[in-house]
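There are structures below to look over.
Both complexes shown next keep chain A, but they swap its partner, so chain B is in the first and chain C is in the second.
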Partner chain A sequence: MSEEKISRRGMIKKPVYINRRLVRYYWDRLKKNKLSLAGLGFIVFLALLGIFGPFLAADPQHVDFDIKNLPPLGFSTQESIYDIKTNTFATTVNPGRPDHPLGTDSKGRDMLSMLISGSRISLLVGLLATGIALFLGTFLGVLSAYLGGWADNLLMRFTDVMMTFPFFLLLVLIVFIFGPSLTIIVIVIGLTGWTGAARLIRSEALSLRTRDFITASKALGASDNRIIFNHLIPNVASLIIVMATLSIPGVIMAEAALSFIGMGDPMSTSWGTILNTGQHSLDTAWWVAVEPGIMLFLTVLSFNFFGDGLRDAFDPKASV
Partner chain B sequence: MRNYIIKRLIYSIIIAWGILTITFILLRVGPTSPVDRYILNIAARGQDVESVKQAIEARYGLNKPITEQYFSYMANLLQGNWGWSFSASMPVLELIGSHWIYSFQLILLATIFAIILGVGLGMLAAVKQNTKFDYAASIFSFIGISIPGFWLGLMLILVFAVYLGVFKTYYDTNYPIWSLENLKQLILPVMALGIGELAGYVRYTRSAMLDNLRKEFVTTARAKGLPERTVIGKHVLRNAILPLVTIIMFDLGSVVFGGAYLTEIVFGIPGLGQVSFNAIFANDYAVVVAVTLIGTFLVLFINLATDLLYTYLDPRIRYE
Partner chain C sequence: MKIQQILEIKELKKYYRVTSGLIPRPVGDIKAVDGVSLTIAEKEVLGLVGESGCGKTTLGKTILRLEEPTSGEILFNGMDVVKLNKGDMRKLRGKLQIVFQDPDSSLDPRMTVGGSIEEALVIQGIKSAGERTERVGALMEKVGLEAGFYERYPHEFSGGQKQRIGIARALAMDPELVIADEPVSALDVSVQAQILNLMMDIKDRDGLAYLFVSHDLSIVKYISDRVAVMYLGRIVEMAEKHEFFKDPLHPYTEALLSAIASLRPADKEKILLKGDVPSPLNPPSGCHFHTRCHRMIAICPEVDPAYREVAPGHFVACHLY
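Right, the complex of A and B next:
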C-alpha cells in the first residue's frame, strides 16, 4: 500500500503515467490469477497469429473445388456414389489431409488459413473500434464531469439517446447504406460504443473532482488542461484499461454477427464470414461452422478472464 | 411521484423522436431508394426505367425534398398512420401486427427460462459457496457469457437437429402459436437466446446473495432459530432482489435489440427481427423506422417500469 502512495505522489511530477514500480505492483497482483494469465496467454498467441500468420499461411480466398469439404485431420467423410452399371453404391472414404489440417470449406478454401486471417480481422476490428470508442468516451466523460452545468446536462442527455439506440440495427443499417467495408464497420462500432465508458468515466471523474489534490492543484493555479490531463485522466487510466479489455469481446462478437448475416467486408475473411458459409453446410461439413466458433468463443473467454483479473489487480480493495 | 412519471414520459417521447429522426434521415439520405426493387423488374421487361421510377416516386411523395417528406411522415404518424411497406405491399401496421407475436413469444420464453434457472442456480451456488457445485456454476456462467448466442444456436441445430434428428432443422409456421408443436420447436431457440442471459443471472444472483448472507440481520435470523429455508428464502433472497431487477431489466432491453434478432435469423423465425432485416435490405424505410420506434419505446418503457418497481421493492426509494 505504501509503495502505491509513493508512486502516486511521484506521478504528479511525471507527466507520463508509466511508472515502473506501479506497473510491477499490478503485474504481481495479476500473476496470482491463473485464469487471467491463461487469458493473456491466448490473447498473445492470437496476436502473434494475426500479425505473422497470414505471411506463412496459404491464401485464405483461394478456391479449389477439387478439394471441397475435406474434413479436418483425424476425421473422415463417406461419400456414396450410385454406380448405374453394377447397380450398387460405391462408397469412398475421404480422410483428412495433412496439407489441410483443419479441413476445407464448400469451395475448397483452406480452413486453417481462413481462421488465421480471421484472427487478424477480429483483433484489428476489436482494438481499433474499442480504441475509438474509449477515446471518445474518456474525452466526453471527463469533459462532461469537468464542465458541469448545462454542458454536462446536454452531453448526458445525448448519451441517453445513444444508449437507447438499437445498436445492432443501427450497425446493419449504416453498413447497408455505406457499403460493407471494414473501415465503415470499425467507425460505426467506435462511434456508437462510447456511451457506457462516457458514463462510467464521468461518474468517476465527478468523485475525483472534489478530492483535495485537485482542489490543491487549482489553488496552486493549475490550468484546466493541466488538471484534466495530469490529474483526472491518469486517475481513471486503470478504469479505462479494464473497460477496454472487457469491451473488446463485445466488438469482436458484433463484427462476427454482422459478417455472419452476410454484411461483412467481402474482401476479407473473418470468423463471421466463415460461419456464414458453415451455416449452409451444417449437414455436409460440420467443421466449417464449428472451428471459427471455437476461436470466437476462446477469444471472448480470454478477454473476459483477462479483464476480470485486471479489474481485481487494479482494485486496491480486492484481495487477490 | 405523478410529476416524476409525467416528466419521464415526456423525456421518453423526446428520446424516441430523436431516434426516429436519425433513422429516417439515415435511410432517406442513403444512395438507394425503396423503388429500386420495382425498377429491377421493369428494367428486365425492357420498359422505360426512368419514367416508371418517377411515376412511383411521385405517387408516394418520394421526390419531394427530404424535409417535406419528414414532416408528412411525422404528420401521418401522429394520426396513427404508420406508412406503407414497399417490400411487403401492405400497411406497415398490418405487417408488424402479423409478425410481432413470434418475437414476443421467443423473448418471453427465453426470459422466463433464464430467470428461473439463473436465479435458482445462483442461489444454490451462494448457499454452497466454495463447494464443487459453486465452482461448476461459476465455470458454467463464464462459458455462457462468452459463447456467442448465434453460434450456440448453430451448434444446437447441428447436434440436435442435423445429427440426432430430435428437432426439425427449419421453423414451421403452420402450427398455431401456443400449440405444443410450436413450443417444442422453440426449445432450441429459447436455449440459444437464454443461456447467455442465464449465465449472467447466475453470477449476479450469487454475488448479491453472498453480499447479504454476511449481513447481521441474517445472523440474527439464524440466532432466533429460524429454519435455514426461511433465512435464505425470506431474509437473504428478498434483499438480493433489488440489484437483480436492474440487471434483468437492463438485459431485457439488449435481448429485444440484439440477441433475439440474431436468434430469429439463425432459426428462421419470422419475427420482427427478420422483418426489420428484410426491410433494411429492401430500403423499406417506413418499416425500419416503425420497428426501431417500437423497440425504442419498449426499452424506454422497461427502464421506467424498472425505476417504478424499485419504489415497490424498496419503499425507502422515493422519486421527486
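Right, the complex of A and C next:
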C-alpha cells in the first residue's frame, strides 16, 4: 500500500487519536519484543475464550456428585477403602475422563467450563474497572494540569487523600455493605483506582502544556476545549494505553482476591471463586486450586509483558 | 509622508511575582520586561537582540498577550490590545502571529502537518472544508512544501521543513505582524539561510512586518531594517541598521558587536564582558549594565540613565551621550 495514495480527507473535524502510519510504526517496534508478542497472543486467546467459550462449554454451575473430584486427563486418583471382613484395603483407581479434560471439583462441576466462565468474568471486570479508573484519571489529571494554581492544588490533595485509603479494605467494606455483585465490584475498583493515573497524566500534561505547539494554538485563539481535546489528550493517549494494560492485572487480582475470601459475586464463577473451592480440597483434589492459579498467573504475566512492550514501543528514546 | 506604525508599545512591563514560604508571600518581582517602548512600521523588520534571559521572548509573548502585561500599552494599528476582550482578541490573533524557535516542539506530534496549519483556519472561523483544504495547499506551496505532504506527521520532516510548516501556520490568516522568536537558531547554517530567504520573500510579497528576535547579530544584520538591543528587560539602544552597525553607542552594543566572528580576528579589538547577566529579580542599581560596563563613570551606579534620542532615529540609554 503506497503511502502517497492515501487520499486527502482535507479536514480535521475530529482529533486524530489513531492514525495508520503511527500505528504501523509502533507495531513494528512492538513486534521486536517477543515476550510482549507472546503476552498479546495469550490476551487475544483469553479474549476469544471469554467471548465465545461460554456458548460452547457446559454449564459451569452444573453439580453432579457422582463425578466429584475427577482428576484432569492424564492423571488419576486412588481411593482406598478398608474392608472390615477381610481386614484389607481395597484400592480403586479413578483416571481422568475425556468428557471432563480438566477434571471436576468437589461438587462435580466441570473445571474447563468454570475456567472459561472465569476468564470472561476476569476480563470483563478488568476492562470495565480499568476503563472507569482511566477515564476519571485522565479527566482529573488533564484538568488539574490545565487549570493549574489552586484548582490543581485542590485536586492533587484530594488525590493524595484517596491514595491513603487502604484500597482493598475499602473494597471489602463496600461489598460488605452493598452486597456482593459484579457491578458493585467494578464500580468500586473503578472509583478508587484512578489516583495513580491522574497523577501520571497530570505530570505529562504539565510538560505538554508549555510546549510551543500549545502556545501556537493559543496564539491562534484556540479555546481551552480545543487545546485539551485536540492537543493534550491525543498526546497522552499512548500513556493511557500503557497504563490500562499495566493496571488490568491488578484489577483482575483484586477481583480474584475478593472472590477468594468469599466476597465475590455468588452468581458468577470467577477464578477467585474456584480458588476458594479448591482451597478446601487441596489435599484430595489439588487441580481445583492449581488450574485457576495457573490461569491467573499467565494472565497477569501476559498483561505485564504486553504493557512493558507497549511502553517501550511508545517511548521514542527506548531502543527496541 | 507619515510612516504608518503597525505596532506601538508604550512603557510595557511584565513582572513575575516571586513567592516563597509555606504560606506563599511575595518576596519580589522578576522584571522580565521593564518599561519597553518601541514601534514597528508597516513592512518593517525590527531586529531584537540580547543575551539569553534578557526578556526578548517574554516581550514577544506579551505583545501577543500570551502573557498578560503588568502595565503599559500595546497599540496594534492604533487599537490597544491589552484592553480587548476575549472575543475581539481572538479575531485579532490571525493578524498577529508568532514563529517559534524549536521546530520540534512547535508542531503537535499527533496531528498531521496539514491539520496543524488547517487548525488556524478552523479557529478563525472558516467553515467551508473545501476552502480550507485549498488554502492549506496554497500555504504549503508558499513556504516551499508540496501540498501532498498534507497527511504526513511532523516526525517525517527535517527541522527546516518543520520550521516552514510553522511559518505556514503563522501565515494562515494573512498576518500583518509576525513575531519571529529566534526562528533559525535551532537550525544548521545552510538551512538557516533558506529559512531567512523564505521569510524575506514572504515579507516582500505579502507586505508584513517582523519583530525578529535573535541573539545572532549577523542574522539580524542581514534581515533587519532597524535593530534594538535589550538588556535586563530594557531596551538600551535602538537605531536604523546601518547606523547601528557603523556607529554603535551603548557600551553593551559595542561589546556585542565585537563578539561577531570575523574572518580577520586580529583586526578587531575584542571587548569581553565579565560574568553573567545579573538576576532580574535583583537588578543592579542605577544603570543595570554598570556592573559589566568597560566605560563606567561615577554616575552610573547612582542614576538610571534616560532612554533618549541622541541622533535622528537613534535611541540610547547611557550617561555617556
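Assorted remarks:
Going forward, the second predicted complex is superposed on the first by the 306 of 320 C-alpha atoms of A that agree within 3 Å, B and C clash if a C-alpha of one lies under 4 Å from a C-alpha of the other, contacts with A are read in each partner's own complex, and residues count from 1 in each chain.
Rule of thumb we're sticking to: a residue touches a chain if its C-beta (ideal position, glycine included) is under 8 Å from a C-beta of that chain, and two chains touch if they have at least 3 such contacts.
Given the structure is predicted, the values throughout are model-derived calculations rather than measurements.
When both complexes are overlaid on chain A, the residue A:I84 reaches neither chain B nor chain C. Looking at the shared chain after the overlay, A:F213 reaches chain C, while chain B stays out of its contact range. Once the two complexes are overlaid on the shared chain, A:F305 sits against chain B while remaining clear of chain C. Once the two complexes are overlaid on the shared chain, A:M267 sits clear of chain B and of chain C alike.
In the superposed model, A:V93 makes contact with neither chain B nor chain C. Looking at the shared chain after the overlay, A:W286 reaches chain B, while chain C stays out of its contact range.
With both structures placed on the common chain, the touch criterion links A:I177 to chain B but leaves chain C unconnected. Of the residues of chain A, not a single one touches chain B in one of the two structures and chain C in the other. Taken in their complex, chain C has these residues touching chain A: 61, 64, 66, 89-91, 93-94, 96-98, 100-102, 105-112, 114-116, 118-120, 122-124, 129-130, 132-133, 136, 148, 150-151, 153, 166, 169, 172-173. Residues 160-161, 164-170, 172-174, 176-178, 249, 253, 256-257, 260-261, 275, 278-279, 282-283, 286, 289-290, 293, 296-297, 300-301, 304-305 of chain A are the ones that touch chain B when the two sit in their complex.
Per the touch definition, chain A reaches chain C in the complex via residues 4, 6, 8-13, 15-17, 19, 21-22, 211-213, 215-223, 226, 230-231, 234-235, 237. Within the complex formed with chain A, the residues of chain B that make contact are 15, 18-19, 22-23, 26-27, 30-32, 142-143, 145-148, 150-151, 154-155, 157-158, 162, 169, 257-258, 261-262, 265-266, 276-277, 280-281, 288, 291-292, 295-296, 299-300.
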